[in-house]
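Chain IDs A, B and C follow the sequence of writing; residue 1 opens each chain.
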């Protein structure tokens, strides 16, 4: 009986904290949307409106703003190329780190993290010079390469922990059954980690989607959405600031929603 | 067993990328920090940085913020991850909601949280509306450094816990069910299962999450600038300041090297503390 | 023979004119830190630049990426940027990368500003594009708290302090706002307003007894200033939310408040101190980088920008005032009318004491500004001793002036060598 009692309290603790945590995440976003869907006067008024008045003035400014569509398309292109490149370069490295002992392993692990530990605004200058000289300047690929560098630590470390979690014995079993290393990887390991790899690709997408400084320096005619919109946002009137924030956040939310099944499919991989 | 070059071949694509896009510009910038106009080695830029009256504050603020934010994020993400593990229904929906902040840039997060904490913001709307205070409070005033710090910490925890959550959920997913079932058979409580089974097996993921968070925490900028204004100098803000306002690329590079230095140091410490003993892997 | 020659000449002429046509079709990339807010950028493209006969691609940007991109193009030795638009202060640090524009016709453009555009060299490195200044703005609710006998159009610092105190006492929270945030333009307030008004100097008397009085007065004003001011960068926001009632800022950073609710706000001149009503212009210039892909087309665009009609459209789009003499039409936006009246009252005042923007500082322009900002942060925010801070900062200032070898500018009296700091 007592066991039942405690587990009931626990169940309720869990339920309540789940709801509280959801509110914690959602309420600030709700405020952003409320401000976005209010008129300029309501945005500056105090006390603030707690529910939106569905005034579309601010948001329609962005939707009709010339160049937003093209910039969004550029953002999608850059982010997609970044996804592919970061997995292509990151996953093999993650596998190598988890399966082999070799000289320079720790050095590599620190090196890969250094890319995120050094301020990008300073790297942007020599990079831009290099890009102009070799003709990568103002191209989708050029910016995607930079974003790949930013996403690489995530790709490598996430795939590293994924591979580390899969027993070597599984692979060894495949070898004894006549598979070579590559076949064992493809038939046994890959299906297990694929969802996780997709998750790290999604990270790459999001990192690229939100990156401003590099995009502002390295693209001019092919500007991405943050470079195009976000730069002037600080100085924009309040109502446009919030609407601009929403214009940037909403596509990312939709994207995560669309790919959520991959993001979470990695859950329970080992349970099958 | 395998050709000795195999691991290096696997690292090659990422190494090539790093060499061109990171190491090359990095060396150029790092050189700026330690050389004068004539190309001679000098420590003048470092002493200028160390001698500047803001350096100490920026350094401590950066460390304090990281110390305040990262442990809470790890704990919160662990709790969220184990909540998710225990769910039988609705797991995807909750995970989706909790990972939403992943898609929100730090600039947008700064805008959102400023609208909450500013004097005419949402928090004051509730405080006054519910009768907790007569007048809207000035949360972000320069005398209330504590409140400003708290606001920044909250915004950072809100923004960047999701990334830890995703890494930990992925890691938990890899722990075979059998281990837990075994623990249950032996009568372990939920807490015991968590500390004795889950946590040790989660070490690689914990290590990854912690290192990434610490490094990114040293680089926070937009949220701090939005909420802290000039009151909360941090290292990354000083990099911007020296590079683009004071126009001294040498000192800016010196600041950048400091950020890099503490990042590497923390990475090594975390790697050592959360190392997985050889042969103890799954 | 002659026929052949003529034919040849014609062929060459056709050839060159074809060449000319194809180059004139090339877009000029206009890379600017001004008109960066999205709706201003849109107005620039649609209303200001659409009248130019060539093609323009207007790309506004934050200062960081803006500078980085220009330096990258200069280092690489080739670039896409045709025309640069930015504040005088940003142009200073780029002087090595700017082409000489001495052959551009500047008749009609304000002579003082054209001189500033030489940046202390004998070359014309930028051409003035637009100007602005700092004024004060107030919510009309604040006017009833004005101290006895004070005329809002001819305020003194003493009266401003009393006013701020009255408002704080009456409402229970400080209602004066000052843009002391990270992107606020506070350094120009100290350089061009506070110092000239108290010391009739910007540099020489940096650490004088008068300067000490100035800082102590400002400290008193600060005690009735909204403490969230350290986060303010664009006072229009706090004026609109009514977080503050009275504010000091750049005209273009007050424009939204004036335009959205013209009947609720007034614009008025900056206050006067013991040595007059100090104020300072803000000059935005246009320059051509040495790496511009098409120098002639860039100069053509530059000339277009200084035409009177273009200047009026620019004023509508950005709330920045013309640098050429123009008759303003009556249908200008409220922000222009309200701030125009304040500027006229300020520059026409009997005690007007106009200063000039710093010149001749080269790369040290940023550090020069930092002397004033640091003095503010140390004295006002960190509460350090005024005298000690001024002495300490004066040493820095002196070494900057000596390293740059920059002579004095108004309101300081001209000097032979570097401007002395007493």
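Here is the rule we use: a residue touches a chain if its C-beta (ideal position, glycine included) is under 8 Å from a C-beta of that chain, and two chains touch if they have at least 3 such contacts.
None of these values were measured; they are calculated from a predicted model.
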Neighbouring chains shared between chain B and chain C, ordered by label: A
Higher-contact pair (C-beta pairs counted), A-B versus A-C: A-B
Length of the line joining the C-alpha centres of chain B and chain C, rounded to whole Å: 37
Whole-Å gap separating chain A and chain B, where each centre is the average of the chain's CA atoms: 15
Mean-CA-position distance for chain C and chain A (Å): 39
Interface hub residues of chain B, defined as touching at least two other chains: 120, 136, 240, 243-244
Two or more partner chains touched - positions in chain C: 64, 241-242
Multi-partner residues of chain A (at least 2 other chains): 44, 46, 121, 125, 233
Chain C contact footprint on chain A (complex, rising order): 40-41, 44-46, 61, 65-66, 121, 124-125, 128-129, 132-133, 137-138, 213, 216-217, 220-221, 223, 227, 229, 231-238, 240, 244
Contacting residues of chain B [partner chain A, same complex]: 2, 4, 6-8, 10-11, 13-15, 17-18, 20-22, 24-26, 28-29, 79-80, 83-84, 86, 91-92, 94-108, 111-113, 115-116, 120-122, 124-125, 128-129, 136, 158, 163, 166-167, 169-177, 190, 204-205, 207-208, 211-212, 215-216, 218-219, 236, 239-240, 243-244, 249, 252-253, 256, 259-260, 263-264, 267-268, 271, 276, 281-282
Residue numbers on chain C that touch chain A, as the complex places them: 29, 31, 36-42, 45, 57, 59-62, 64-65, 68-69, 71-73, 75-76, 78-80, 183, 233-234, 236-237, 240-242, 256, 260
Touching residues on chain B, where the partner in the complex is chain C: 53, 114, 118-120, 135-136, 138-144, 225-231, 237, 240, 243-248
Complex interface listing, chain C residues touching chain B: 63-64, 67, 93, 172-173, 180-182, 226-232, 241-243, 363-367, 369-370, 374, 377-378, 381
